[in-house]
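You will see chain A twice below: alongside chain B first, and alongside chain C after that.
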Partner chain A sequence: MSEVKKYKTEPLKTWQKAKELRQKYYRDYATAHERGGLRWSGGAWCFDAIPAGLGDDVYPITGEPYAASCAFNRSFSTECLEAAEKKGWARDLCSYMRNYWGSMYLNKFAFGGEYPKADFAFQNHICCSHAKWYQHVAEYEKIPYFCFDVAVGPYSEVDENRLSYLVNQLHEAIEWLEKTTGRKYDDEKLIQAVYNECRSTAMWAEICCLNRSVPAPLDEKTMYSLYVFGTLQKASREVADFYEELRDEVKYRVENQIAAVATERCRLMSDTQPPWGFLKVFRYLEKFGALSVGSLYSFGLIGIWEDKPDGSWGPRTTPQEQGVKIETRDQALRILADWNLSKPEWQHFYDPQLKSDMMIRIAKEWKLDGVMLHYNRGCEGLSLGIAENRLALQEAGFPVMVFEGNMGDEREFDLTRTMSRIDAFMETMELKQLER
Partner chain B sequence: MITAGIDCGAKNTKVVIRKDGEVIAKSLVLSGFDQKAAAEEALEMALKEANLSKKDIEHVTATGVGMKQASFANDTITEVGSAAKGTVFLFPSARTVIDVGAEEGRAIRADGTGKVIDFAINEKCAAGSGAFTEAMARALEVPLEKMGELSLKSQNAVPMNAQCAIFAESEVVSLIHAKTPKEDIVRAVHDAIASRITSMVRRVGIEREVALVGGVARNVGFVKSMKEDLELEMLIPEDPEFVGALGAAIAAAENR
Partner chain C sequence: MDIFRKWYEERHQYAKEWKEKNGGKVMGCFCSYVPEELLCAAGALPVRVLGSHEPQDVTEPYIFGMFCPFCRDVLAQGLKGRYDYLDGIVLSQSCLHLRQSFTSWRLHIPIDYNYYLYMPNKVQTPHAKPYLRGELEKFKKSLEEFTGRTIADEALKESIGLINSNRRLMHQVYELRKQDNPPITGLEAMWMTTSSMWVDKKDHNRELERVLKELPSRKLNRETGARLMLIGSENDDTQFVEMVESIGATVVVDDHCTGTRYFWNEVGSNSDLLQAVADRYIERPPCPSKDWEERTRFPHILKLAKDYNVQGAILIQQKFCDPHECDIPPLRDMLKENGIPSLTLEFDVTVPVGQFRVRLEAFLEMIGEEDLF
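Let's look at the complex of A and B:
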């Protein structure tokens, strides 16, 4: 571990724009009907490029980031969770789903006013909650629902048959959308959305790569507010353009040694969704000169990656960079399906070893000193196998601390004890608080 | 050189004073609600025993859940760090430390210098700590200090499967109603704690020698259950509840 050194630091210039973009996203959704537009609801991993073909006035609300916003507001979240429990749902179900459902039952929108009911639900399925989440939404709100299955196995095993299985469902989805909304589908808009998605998700991976620098230009708490756009509307031009602007700023920070944390001396990564109501744990790390520079979660939830010729992990080369011209609906859907199936965070649904390999790779390439794993009771999908990841990381020589919690249910998180765990972990790495 | 370590635990506050590497005084008071007062009282008691005054102490290091209440301390060390230091000082061959106190159970792997390599702590659950034994003693109407001896009389292992102290209490009530002998129920309580602690120990990896410290190590019934569960002998110090304070006192000498 290096000597304590003070790097220069400054706030992100694009921060304000990020805030405005996020507010606009939720406002656009809530007010879509006023402009004669459509609203749809689905998961953050759903292919928003597909409904984009219905027109420029079709606005999504993605469930997980919306639920994370609910969870960030702890009193509102408790109201939502209790409303879900009142309906008889068990507390060990996905806490995003329970927050979302609670908000729907209460008819309260986290950003003010009544809950803006969607015109249709559009979802894909890979974890145990995805399909059921929106099946219930559709039944409760009495709206049409389409769900497609993306669980075709790890990307290394994807062949023509598996790809076609997904692509055929996407063709069916477009027919369903036309029939459900009564709108004519525009393939040109789909093609543009696919280009946008490839650009935004590869761009996010490029931004994450810049965090290999010492000092890190971004800390993970800040990254949570930035990666979110890829979970909101990755196929929009606005998001792709924003990421390009952000990439330029982060690049500037790297070139000028502008640190996220001035006293950086210990680089960590976390894992899975954080306890959203308690992001202060990340600020607490800074007292020791430690920071989380990212995680497989924040890098790979929306970022699309590939192996680079030098052996490193980097942004996947986009079709446009390869000079591929998309000309037909089928070609667009094939590219979209293939692109998404290579998503890092989808790989470990099939084997925790795949996740361990990626985590170890991050730990080495991002020059980490340790790892902080969140045993997240709120998400079975991303937490399954995490104990095995811990063993693999330790075997690879990285100190690991674990803490229990829940991304969206504050009642399952103990802040004081988590701080004590961090104290003990820092002590094992011979780090003392820089300020008292 | 005179240094002191104070362990502000959930139930008891302990102080150890060392002079030139030797322990010269110890004190223990109930932590109660006013932990700050308890810390002052414990220090005063130890100083009195050592025939010293506060100004004679070169450096004080605090540990324990209430460590911030020891406002006279020069610095702090975590419970994990102090348990490892204290144990390896007492037993230089110890590499795995099991520390079971009133509030928490901890499994720690340490090196020969007392430096922590890995640790696990029971999370939001009292079922791996002394608080659980206390609650069960109340439910069984058995004085806490008699729990250990009573369980040694048991001839039957009764499974207690609940993973939570609250559900375990309801299991105890069911066993009482089923006329299960008290000694068997007490043994079941100790077996249940031991099983939770053992699972934590396995998580950090068992490396010999294994030492058991913390106040619950005074409970002979729990010690028996732990030995059976781990299938090995454990090193247990004479005053297991003082190991954290001792570790803090050692840290005080290092940090002065």
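Let's look at the complex of A and C:
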């Protein structure tokens, strides 16, 4: 057996800051009322730049990352899921939604204490469950609710009618927020939040681009703890600033050949949310010198991308980089709508081919050897068209492994079977476990 | 009633003959939100694509098994070539499940034309109507290019009139179901409503008019029994309804996209015809995937239940159908609060009729409890 090259590796310096930022996010939300602030609850894709115009003391909790935190704690998650089932909800519904509802019914916050009830619910709808999720939250908690319809087709087909439909809803939401909260809306804060969102989501794409390097400076398991800020509060200055700092560190790692996995010799990508209670699957890959360098999910759930002049995929040029000065509410909302409609993870809702094309592109540009698709029973939105993606990737010449599971319901994940599948997949790629 | 049954059972034969006779395009419609008015005005025959209720093994490579059996059954029909006479397919945006039948169909089954209409999901926003009008404008243009036929206002007006007539006639049929002893069974009504989704409305209207003359004096040689309402996902399972009506019950009304939701409201009068059509689809009784932020379905369902003197409701849920699964627990509560007992059944491509029969018998016994004492 030939000797495997070993790269140097070291922990991320920004790791501690990331942990603190995440803790602060949940603490700020939970304690908002103590400071006279407002709390709102909604999806990770929601336009958090809109409530930002209500003031600096308005804090969100986004459902998907919160539910992923519940799922990570398997015993708490089981309690939540069973609480939802007791209320009569079907077991095959979105497992994030069921974790969230269960936590709400139990009145237990995953980070300790009672569940902090929101003052209003604010959501985006592109998947069947999105609007229904917070419809029930609003009914159960007896709080006001606003939800946007963003399903106007893929970005390549967006025209004035489609953009205006969304922009008009954004205007409507601001009027609704003023009426609901009794606060006066500050357009300057909105404008700043739009700048922040563009900066943070383009910056995340830039960080993902750095993972093209061999060895990859980040592995996907680590990226899960970092992309999450874009799902928590992408329109906040803190997140945008953190991503800039992270970008600088990842760049340093690339320049100095600092690897995420010292024995990197097989580069993979995954798809959809991982089974959060079983992230050890990613560590198991390392035994073979394999790692996942990302996925359309971790790159494009919040990262905003565009085609670059050299033909590669890169961070979308922000309005501030283009020298665009946002001066009015309408201008801010049009930019916000257009920016979000180009989100990679919104495209496949209309055509699996669009997702396949992006995945094949990642596989080529990130120099991948294979793909692991998580047939995720917990998320119909991101599993939409996944069987077609499998066929397209295979046709493009990439080995594909499929494993079935659930991001947020451990009862639907078979760890042993998944490990066996990985063994078989590695064998087909002629990889054996490395000697320690 | 035989003609409606024949149309139900021989839908493909009907469409093929229609095509031969009329020379028009036959267009497969995915979801009841497809604005048929435009298709008819373009001289086409809209045909709702449904499943066949037969076990199948051809869709596994294309649709992950966690999506509803209906969407897989629909795709299976295409893969098996049963709709090989279609000239085009149209999806009006609704649930994610059915969307996959459409996207996989256009990827794997040769078809001359396909159109994805970005129907708004938030039908409760005032911006939905002008937005949909804009989308209909594009759809109209696309159809004109495909059929090579300009859709003039006159043709659209005529098409609206024809389809509105069908809706009105269906209402008249349903009105008769309010009677203590309805002159039509739920099974017969299902043949009527579903066949109206693929039979030329001129033919359908003619037969409805004929039947409506006979129905007032029609006597069914059966007991009405418990008056039931069917609520839920797509349902054209005649075998199930036949079983229900064989054990002392009659289905008197429904809230299905293959039933009342399809024909309940008409296109109103507006000189801007496309706006009139858009308004109709925004205002129709919604699919649960479009029923938010408010739950407008519930008062509508309750009104139907009261108007039809319903004694019990069967909540039919296609396995894995998220939109309905998100409505069923609160719907069950709402019905209970209003004194209407319900039974929830999970449907697959085929249903366990024997098992369902036992559950139904117990349910009917419970409904009829008061009569025992």
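We take it that the second predicted complex is superposed on the first by the 432 of 436 C-alpha atoms of A that agree within 3 Å, B and C clash if a C-alpha of one lies under 4 Å from a C-alpha of the other, contacts with A are read in each partner's own complex, and residues count from 1 in each chain.
Heads up, the rule we're going with is that a contact is a pair of C-beta atoms (placed from the backbone, for glycine too) under 8 Å apart; a residue touches a chain by one contact, two chains touch by 3 or more.
From a predicted model like this one, the values you see are computed outputs, not experimental measurements.
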| item | value |
| --- | --- |
| Combined model on chain A where chain B meets chain C, clash or fit | fit |
| Contacts of A:C266 with chain B and chain C, given as first, second, both or neither | neither |
| Contacts of A:P352 with chain B and chain C, given as first, second, both or neither | second |
| Contacts of A:A49 with chain B and chain C, given as first, second, both or neither | neither |
| Which superposed partner A:Q169 touches (first chain B, second chain C, both, neither) | second |
| Touching partner for A:R421 - first (chain B), second (chain C), both, neither | first |
| Which of chain B and chain C A:A193 touches, first, second, both or neither | neither |
| Angle at the Cα centre of chain A, taken between the Cα centres of chain B and chain C once the superposition is applied, in steps of 10 degrees | 70 |
| Per-residue touch tally on chain A - higher for chain B or for chain C | C |
| Three-chain overlay, closest Cα atoms of chain B and chain C, distance in Å | 6 |
| Chain A residues contacted in one complex by chain B, in the other by chain C | 375 |
| Parts of chain B lying in touch with chain A, wherever the complex brings them together | 65, 77-81, 115-121, 123-124 |
| Contacting residues of chain A [partner chain C, same complex] | 87-90, 92-94, 125, 127-129, 131-133, 135-136, 138-139, 145-149, 151-153, 161-162, 164-165, 168-169, 172, 349-353, 375, 377, 380-381, 383-388, 391 |
| Chain B partner contacts - residues on chain A that touch it in the complex | 375, 394, 399-400, 402-404, 412, 414, 417, 420-421, 423-424, 427-428 |
| Residues of chain C touching chain A in the complex | 60-64, 66-67, 93, 95-97, 99-100, 103-104, 107, 116, 118, 120-122, 125-128, 131, 134-135, 138, 288-289, 292-293, 295, 317, 319-320, 322-323, 325-330, 332 |
